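A short worksheet on the structure shown next.
Labels run A, B, C and D following the written order; every chain starts at residue 1.
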Amino acid sequence: MSRNIYVEDVTEVPTPLRDVEIVERKGIGHPDSVADGLSETVSRTLCKLYRKEVGEILHHNTDETQVVAGRAAPDFGGGAIIDPAYILLVGRATTNVIVNKVLRELPCKPVALKAAREYLKNLAPNLDIDSDVVIDAKFGMGSDDLTGVYKASGVLANDTSFGVGYAPYSITDKLVLQTEEFINSNTFKHLFPETGQDVKVMGSRVGKNLEMTVACAMIGRYIPDKSHYESVIRDVCDKVKENALDIIDKSEEDINFKLRINTGDDYSNDVYYLTVTGLSQEMGDDGSVGRGNRCNGLITPYRPMSMEAASGKNPVTHVGKLYNIMSKLIAEDVARKVSPDVEVRVRILSLIGKPVSNPLNCNVQLVSGYRSSEFNKWKSEAEAIAEEWLGNIDKVTDLVINGKVRTF
Amino acid sequence: MSRNIYVEDVTEVPTPLRDVEIVERKGIGHPDSVADGLSETVSRTLCKLYRKEVGEILHHNTDETQVVAGRAAPDFGGGAIIDPAYILLVGRATTNVIVNKVLRELPCKPVALKAAREYLKNLAPNLDIDSDVVIDAKFGMGSDDLTGVYKASGVLANDTSFGVGYAPYSITDKLVLQTEEFINSNTFKHLFPETGQDVKVMGSRVGKNLEMTVACAMIGRYIPDKSHYESVIRDVCDKVKENALDIIDKSEEDINFKLRINTGDDYSNDVYYLTVTGLSQEMGDDGSVGRGNRCNGLITPYRPMSMEAASGKNPVTHVGKLYNIMSKLIAEDVARKVSPDVEVRVRILSLIGKPVSNPLNCNVQLVSGYRSSEFNKWKSEAEAIAEEWLGNIDKVTDLVINGKVRTF
Amino acid sequence: MSRNIYVEDVTEVPTPLRDVEIVERKGIGHPDSVADGLSETVSRTLCKLYRKEVGEILHHNTDETQVVAGRAAPDFGGGAIIDPAYILLVGRATTNVIVNKVLRELPCKPVALKAAREYLKNLAPNLDIDSDVVIDAKFGMGSDDLTGVYKASGVLANDTSFGVGYAPYSITDKLVLQTEEFINSNTFKHLFPETGQDVKVMGSRVGKNLEMTVACAMIGRYIPDKSHYESVIRDVCDKVKENALDIIDKSEEDINFKLRINTGDDYSNDVYYLTVTGLSQEMGDDGSVGRGNRCNGLITPYRPMSMEAASGKNPVTHVGKLYNIMSKLIAEDVARKVSPDVEVRVRILSLIGKPVSNPLNCNVQLVSGYRSSEFNKWKSEAEAIAEEWLGNIDKVTDLVINGKVRTF
Amino acid sequence: MSRNIYVEDVTEVPTPLRDVEIVERKGIGHPDSVADGLSETVSRTLCKLYRKEVGEILHHNTDETQVVAGRAAPDFGGGAIIDPAYILLVGRATTNVIVNKVLRELPCKPVALKAAREYLKNLAPNLDIDSDVVIDAKFGMGSDDLTGVYKASGVLANDTSFGVGYAPYSITDKLVLQTEEFINSNTFKHLFPETGQDVKVMGSRVGKNLEMTVACAMIGRYIPDKSHYESVIRDVCDKVKENALDIIDKSEEDINFKLRINTGDDYSNDVYYLTVTGLSQEMGDDGSVGRGNRCNGLITPYRPMSMEAASGKNPVTHVGKLYNIMSKLIAEDVARKVSPDVEVRVRILSLIGKPVSNPLNCNVQLVSGYRSSEFNKWKSEAEAIAEEWLGNIDKVTDLVINGKVRTF
């Protein structure tokens, strides 16, 4: 197989069928997700700038945004930001480029800063972007080695790196992912303006018993007093549970569901999860790129995971980013072809300096817990799917730039 | 079992016996490891400050160090740093404390800065700490919620979090880990002052064929010209191979070993991996905490891994840190008791606000690929080991503070 | 005299009657004036915050704003900011205050940042505040010594310091001051949107010959090409000259006026004073507080001047600020009482720890070039005026907070 | 006169003979002087780098260093720095230069940072440079306009600017200047290690009565308790007085001298001027370039003064710097030729784009209070001296680079 695609039949028990499964999602307002979102936004913005001004995407990696928590004095009925959070956009970007023999300088930092401010404003309407946060940027040029690889072809791997993905989502995965999306949906925010964007969902399944723990930053200005806090938490709990039971019903799974919200609260000692802006970056919680969700939106310690910080990476040559996204896309396509109880795991490994489309190996595992008689059929289908994706890396790049695939 | 310890017999094939295994180590001079090392150094320094001044370790997490690459003009025979790297120590630290009813302010930032400078100086003797890097720090106070948990007891989990560990090291693990340690040993540096500290080792095993790729930053001032570069790379290659073959011999494994060094080089086009300081942070490569090696010093995509950025976390209550380290310690102790071909995997899950010594569950998997008749004996031994460690969290804390366990 | 007021008859020749006189004004968009304006804005904003939240103005001095120039690629018809300017608001502010035995934290940095952004937006409509500039702030607490002085009374001098002022404006003063105000007026900007806010005016009078040199940043987006640039400079020159001749006429002075604009331009070598934003901070020109205009809006090397950086200083106790402003106010009041050809110079000197209303000495010089028979009358009038102002320091404070007196 | 040198006979009373004279010196450890000293050190270092690497001094101005005060907890017998001071080196520097058709990058920031650290270490031995201060740098390239002027000739004025100087020093000047130098001499520090480098001296002469006020930061680690503080202050006072009386004696002036030290102290309320490092930048006092002493080391509100921040300016083309230094040098040379009771004042005014050696005018005033019969002789001597200096600008440049003239 020219692209080194290996499909394996794995007899171990698929994760969703095992006794224990733990899944976490850091919501879009969690400091690590804020860092991810800003990094990815900046990369997309640079891609568009490069395409517009130069006609192609130039070397960059803006995957090192650092969120430094501020200081806040949250209070029922209001509260105030005392010390703004500090956000440093960090990465590499090509600022100087020769176009038609003329050196041009590109406004990388200005467009990045503007896009970052815009992103934060949309993300957290209760954050005053002009007073509650300071955003700075440090972009340098990359080293000759890496940029050399880039210029040489545009499709050579920039690193020895790997990507990992799986499909389909288990019921635990679905509940965790969709619960966060539900709480951060416009509909929900309309119902419960008291809830902030910093939502963390953890699902722990032991057998059929699934416990979900939600930590949701609450916004002081919409909560006049303790009794309002307590009652809104009860209402939020009811609504989230209703939504979760719906998901379980539709999945036709046999699950005992239990929900806890803001378990850190201690009403008798006046401990509430109260914020001014709905983001815990206002106080106490710093954030970094790549510390939170993987490219499927989840943290899944009972599945293979990549360490890669995909958000903000260059979507043309950064194999860490491309292979993680593509692994998931391949796994999803394969999962649609095989039995629904098969766990499809994909791992792709690159070698620095080799074409991105020719990985060192692309390993597809079909984990079913048994020897399937259909394996040979599945194998050739999986090979075709992997072959197709590897031959169309550009498609992944475009999906990324247009925001059609998530990176966190 | 009071501590929720579950020991499982898992029949899947242990990782070292499977067809494919990939293992990576980012050496101590890799920007991500520099970030890890600085974060951990700062935490240890604060622990010592707190113990000395207050008698106990106060709330802190200094796990968000950001390394922003500088700009360099490396050259044979010399080269120069053009723009220093910028390192921002980021985290939370308790600066104000009431001792005997008197408010005391503690010199957290000064001691952290000094320790960070000291660490870097020792790490990279070719880096001029006074001109090649700028180090700043932003430490804030944590939120009431997290610090409240802390003060309440000192042994309550600060988060819903998990730790993962395994043992023993496979031959691939050993080769990767020990190769980096070899290249960064005093002996090796004495032989080859031309080699820098930024060393990245990747091992890819397919069946018995193990290919190792080493990327090693070379230092211009010790390399007068291209021919010296080329010859020293050959010599380094020989020496590293010799060491690797020794390791293989001692392990009595049947491995075909292949080594490549600095594959990005392209002598005909004058592309060399040359640096001024031996660190690629001098140009092109930013670094973040928790992006590199896990607590066992490796990145192992074919094993369960935690996303946790352990370095810099508070070693008293941060369960993410404690459980990752402890998982590895438990796995190692269990591995010594069971058959050497059993892969021991340990996962520990906490619940915020509960005692660190009572996790939600502590899951020990004995992965052998077969049903062992000895499982029941192993099970009770594993339970006793886990019980023992969970009952002695303080021991882990002390190991961390005294630098007796690695975090990256 | 209880307030140590000394009025002197000085026989030297008043400055406006001497052979040589040089006067300069850095316009509101000059980097030094931007620093002044931001510092003063921040101080006023804090004053209002303190009065609203605590009922009195707390200790602060925000007089150290640093403007670090960015990088721009100006061009006819457009241009782009490549690297944003960086502005660091620096100073001391009281953030923690005990009100009714409860510790309150005040949002000093957030309100300062917001006010600074607002100020810049209004100042320079062609500056995109979200992409062309990064604004950060570092405010600390003051030392016990200085804040101790403050708390003790609120009207004790915080320093051994002096203020200097004079009146009336000479014709050179008037021309320089009013020319900049004219060029930065709404009317003028409506006529010539091509002109930026960074305007520097220098007047050099030798005898009756007054040469005025204006440097005015031009804005690329409104200037399609060189010929437009050249013609608009001619039109601006005509308009500014017309206005200047008007001022001369009204003053009934006998002056030969000569005007030059953008003398650094060199059309034949394609050198134009072109900017993207109208501010030279976009490239090449850093700015600091207190480096530019004195409290009368001018730099007057042929007059006594104070080194004091008045902008951003605390308007309650900072004698450097209060005495400079008051010296000018006293001089103006005295000038209205004496002959118009008398140059009134006022100097006030404080002693740290003494009441602001009781300076070490307040020296009023009546410089006429001759012995006036009216001196005794003038002397008692001057004493009464000085006495009145020194007895009503609060009035100066309020003038400052309400923006009724300039500080630069 | 080709160089537009005008010598004037001025009949007003020389400053030293007037009733009131106030003179101040901010010692080398005052935050404004720290900023001055760092800026000048960085400029000198860059000059040497440029000369060594390129053979000529390239465009730069590093005159915007900002010192942001930290936070300290001083105490008798010790004390601690809580939050380090932050120092930002700001300015323009030429980093890219074409030498023999090859683009070279120069290590401006690294050498500047190293020189700055070295300077601070020497300045304040009680400051731990590795923990008590953070030093960063932001240098950009200048605008085309200014660098164009530079490249064109190397001796064209970069600005319309002026310099002012006078000679000789009055007794008040001498006492203030030499008192600070005395307190910061090695001999004195040997005697009184308790005294820090942040020394501020103010002299106020009314007639023959000269009051000197000294504020001297004291260092906690050398002062075990209050009684030691009080006694050392008494001893310091005696020693400083002794030295001052010596100066007065040698000057053969009739002066009643009175000395006060640390007038802000209030022993009964436990208010002491105590520091950890001997620098008040450790807490409460920010510093900027050009806010303190003029090029003669003094602030002299009763003399003409320039606003120019000379420290850190380019010593080849920056007329503000060159003319201020040269004005003083000319005044001193002229003063040696004329009667010792004549106050010599020199002002030099440039025009941007014109040769530095041909100012718009160079005005020498001989202020004697009477018409001297020797004026014509003095005039031609003064003309010759001014002519000589203006014709040898390079000499001033060299004096600056070699640290032979002070700038603050």
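Here are a few things to note about the model shown:
Methods note: contacts are C-beta pairs under 8 Å (C-beta built on N, C-alpha and C of every residue); 3 or more make two chains touch, one makes a residue touch a chain.
Model, not experiment: these values are computed from the prediction.
One finds 24 Å separating the Cα centroids of chain C and chain D. One finds 56 Å separating the Cα centroids of chain A and chain D. If you average the CA atoms of chain A and of chain C, the two centres end up 51 Å from each other.
Annotation for chain B: residues touching 2 or more other chains are 71, 83, 86.
Chain contacts here close into one cycle, and each chain has exactly two touching partners. A list of each chain pair in contact follows: A-B, A-C, B-D, C-D. Chain A meets chain B in the complex at residues 6, 8, 10-13, 19-20, 22, 24, 64, 66, 68-71, 83, 86, 88, 90-92, 138, 140-146, 148-149, 160, 162, 164, 202, 204, 206, 213, 215, 263-264, 266, 269, 271, 273, 280, 283-292, 299, 301-302, 304-307, 309, 347, 349, 351-353, 360-361, 363. Residue ranges on chain C touching chain A, taken from their complex, read 71, 73, 80-84, 86, 95, 104-111, 113-114, 117-118, 128, 130-132, 134-137.
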